[in-house]
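Heads up, the next two complexes both have subunit A, just with different partners, subunit B and then subunit C.
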Partner chain A sequence: MAEGHVKPAALEQALKVLRERVDERTAAFLNACVRCGLCADTCHVYLADQEPASTPAAKVERVASLFRRYHTLLGRLAPGLVGAETLTEEALQALAAAAFGRCTLCGRCALNCSVGLDPAAIIRFARTVLVAAGMVPNGIQANIEAARASGNTMSISQEDVRETIAWLEEDLRQTIGDPEVSLPVDREGARVLYALNPRELKFFPLSISAAGMIFHAAGESWTLTSTDFDITNYGFFAGDIEAQREIADRLIRRAEELGVQELVVAECGHGYRTLRWEAPDWLGRPLPFAVRSFVEVMAEYLGAGRLRLDPSKNPDPVTLHDPCNLVRHGGVIEEQRYLLRHAVTTFVEMTPNREDNYCCGGGGGLLAASEHTAKRIESGKVKAEQIRATGAKVVASPCHNCIDQLMDLNRHYTLGVEVRTLGEIVADALILPVPPSS
Partner chain B sequence: MTLGSLVLVAALLVALAGFLAQRFSRRFPRVPAPIAPARGSAAAGVLYAFTKAFFPTAKESASLHLASYLAGIGYHLGIFTALAGLLASLLPVRVPTAANAAGAVLTAIGLVCGLGLLAKRTLDARLRGISVPDDFVANLLVDAALATGIAAYLDHALVPLFQVTGAVLLLYAPLGKLRHMLFLVTSRRWSGAYFGRRGVRPTPQGPGNPRG
Partner chain C sequence: MPEVEIVGRTFAVDEEGFLQQPELWDDEVARLFATTEGISDMTPEHWGVVRTIREHYLQHGTAPMVRLLCQKTGLPLKAIFKLFPSGPAKGACKVAGLPKPEGCV
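Moving on, here comes the complex of A and B:
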């Protein structure tokens, strides 16, 4: 993040956004907050640190006080009366601390606000103001730039993608003893494009193998892509309107080039949310293919009898973390439960769960914002306690972002669990078709 | 028409104009209709937001703070009763005694709740930290209108006083935090449509859904 002095030009840019880019929905929310404070204990950040500045109300008020100054009559005439604040360097620093440092944009407060407004939408707008001021955390900004330059946040080259997939394919053939199984890449005319989180290629390649096994078992016509495969979108986390559109557009164009009927988003909460729900609005057009989460697709295969599962292959008790962007903002709520009920021996729900779940603390791009690491781990305390209370040995989560955070929480809070994707668990339970050669 | 009624009618018209101007303001860019195919129903989400979402069990802001929730309900009950009394004061008929008594009781409940919420805002450090002078001014203006409303319900001679405090309140309403009476409606509509369309609330969709 830009430390210290905010240049006058940056302040001016931020003010321009504040004056011109509040849309009618955000304005309604900003006008509606009554500062009742009843949202405080709906937020995992506040529950963990008990600091008044972490309540959704305080974060909303940071933005609302600026809004009142530039968009209301009394804010201009009697700013002291209505608590209207002029945009200054200090105000921007405070806004950055609130919007990036104390909020994961999880939206839990939105379901619980007494008035019915959406604090997360307001805080996302604050991030857009901060983009204009050049105050995006360095790690998030670096990911945006890498995605813009190379097509993925980890700058993985096309050659490296091809090599990794070829190695995984070879390994998968040996593991399941089926020379027919394949991890197709850049196959035009496939029905499904399965798009990845670059972290899978670098750190979690077995989740790609798991997907390959599942597509193979279901007899799906599918492909990976060696370019523009990245489902993550740090432009969205930053509130960078231009970057989020450009990043989503690359993958969408690639899917169009390949002529697929469906874009299946690997297990990634915000990747699903942005591509399924937001991207058509950013591009101003409907997409010529369906967008679904891999979780939905696996559930459909299972429901249609295209997958056969043996839950005894996963004997340890499993609990489920609901990624906010997939569940509360995405509507994929029951599919993961349906899968787990068929794929594991014992499935234990966390409390609360589904759309009422607590954020793991790693949302909103915070995993990439090293300056907020301590707060991220601290705010994950609520999730750690939820996990511990279930007594589960395995935590499943259909989101690589959440998985990274859950692994950090596992270490920090010594939970003694294994953290896994849904695909890995389903793949372990698969009863595979007998290979033709045997 | 009495002077009090004239003042009240003028204030009503100004407040109405103020709210309409904000409701139909073109100051803020419009949000286009979402393009992605819906998973649930926006209409069902909006309906939920204006019905079940008001139940104390629907939100933690209510279920974890039942006393504040009930005080809020009582406060607004009193406010709506007082507003009804204000409008009735413009009619050329006298309200029956029983209705006056009921009005006084409901408005008194509202006043007690309003003062309770004011005390909470003053005494609770966390709440005080996010409060601005407008929070206290708005509460006191409403409380003044409620107090004079009770008096007017009990003694018809005090109706002009009620009309004047009511007029002051109405003139302030479109300017400060009382604007939430308009923006609560628009906010619930936006949020209800958002969660409804995405199939989150009221009823999640999907295989094996125990609530579907």
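Moving on, here comes the complex of A and C:
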């Protein structure tokens, strides 16, 4: 978090957001919480630390008390009587600790709310207030600025994208012994644009090779892009309304330029959610192409007989982590299970699962917010216990953000598992078409 | 700022254990940070990866792409993940004394 004092001008900006940008939905939610407390046991942060401040009701109340101060008659006239809190530097610090430090916006509490409100939406609003105050965690803010300046959060140059893909392509041709397999870049008129999380290009490129093998096996017409390829959106995590629109717009324009019929989002929960479900609202227009997760596309290929899989190639027991933004917020639920049942010998569900799954603890941008590392690792205890109980040796997770957190949990809680993308598991099970030369 | 004590020496680190004063880095510091990654014996391959990252960082101010790391050390990608179980970002970059890389890591 930005160090030091909140400047009066920043406080003024935050107050303006609090006064003027509460929409009807948020206002209804802020008035509706009856503090029944049912949400407490649904939150992985509270389950791990047992601190009352971590219950969703307490986090909602922190925002609601500010709301009452500026939006209700009694709150204005007699704030002390109705528990209305004035927006001060201390109130902002407490808001930041709750909205960034104790919530991953996973939304599990919403499914279990007795009056049907969505605490994650309220926390997102709190984050928008904090954006105005200049109180976004430094790591999240740095990612936003990198994405705005360079087109991706890791500031990877176009040349580095091209050289990495050429290197991967050469390696892939040797590995599978097929000179025809390719990783096309900037190919106009391809049917599909496959867009990436920059960490794949920079540090973890096996998932790109896996996608290449799968598109090749399915006979897809596809391309990568060397510019504006980034599916991540730290503007969304921050609650920065302008930044999230601008960041999504870059990739969408690039897809339009290439003239594709479909934008396929690599395995990234919030990337899928923002591009599939949020971006048309942000841009105020429908997108001229379909948006799907790579998980949905692989499942379609398998169902249509375009992929042949041999599950014996993945003999170790595999469990599945459901990323909140892909599953609970995104509605992609059964496809990953269908794929795993055909790609691995033993698939074990963790409990609970699907839309009732627990957050890994790394959602909501927390992986980039170093100041909240201790809380992030602590709240991942719930996920670590879920994984351990399955006895699985491999954890599949169709989200690079979750994967990073799961790798941290693997180490911290000595789980002894391997954490992999779904694409890598499917690619290992592929029975590839015989190259034309042999 | 948090501190970490490794075999009697104390270092200022960020909340994720990345060294905060890059100028303090030397071979001894690398060996100490390697132990926090579960690497008790720094082999020539480990050193190859770490020195390549270090050199790139001093020249460009960022961690190298993993492609460059493989090409300059002659190691296949999978070998890098074997050498540094936390991966090139949270594992190798940490031993090389870099601050935490930006992005989804």
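We adopt the following convention: the second predicted complex is superposed on the first by the 438 of 438 C-alpha atoms of A that agree within 3 Å, B and C clash if a C-alpha of one lies under 4 Å from a C-alpha of the other, contacts with A are read in each partner's own complex, and residues count from 1 in each chain.
Keep this in mind: a contact is a pair of C-beta atoms (placed from the backbone, for glycine too) under 8 Å apart; a residue touches a chain by one contact, two chains touch by 3 or more.
It should be emphasised that the depicted structure is a prediction, and the values quoted were computed from it without experimental measurement.
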item	value
Partner chain(s) touched by A:391 [first = subunit B, second = subunit C, both, neither]	neither
Touch count on subunit A, higher of subunit B and subunit C	B
Which superposed partner A:189 touches (first subunit B, second subunit C, both, neither)	neither
Contacts of A:299 with subunit B and subunit C, given as first, second, both or neither	first
Touching partner for A:315 - first (subunit B), second (subunit C), both, neither	neither
First, second, both or neither for A:203, with subunit B first and subunit C second	second
Touched partner set for A:154, first subunit B, second subunit C, both or neither	second
Touching partner for A:179 - first (subunit B), second (subunit C), both, neither	neither
Touched partner set for A:143, first subunit B, second subunit C, both or neither	second
Partner chain in contact with A:288 - subunit B first, subunit C second, else both or neither	neither
Subunit B contact footprint on subunit A (complex, rising order)	21-29, 31-42, 52, 55, 57-58, 61, 65, 71-74, 80-83, 110-118, 276-281, 284-287, 291, 296, 299-300, 302-303, 327-335, 337-338, 341, 354-355
Of subunit C, residues touching subunit A in the complex	14-16, 62-63, 65-67, 70-71, 77, 85-90, 100-105
Residue ranges of subunit B touching subunit A (in the complex, touch as defined)	22, 27-32, 34-37, 39-40, 49, 53, 59-62, 64-65, 68-69, 72, 124-127, 129-135, 137, 175-177, 179-180, 182-184, 186-188, 190-192, 194-195, 198-201, 204-210, 212
Touching residues on subunit A, where the partner in the complex is subunit C	139, 142-143, 146, 153-156, 160, 163-164, 167-168, 171, 197-199, 201-206, 232, 268, 367-368, 370-374, 400-401, 404, 407-408, 411
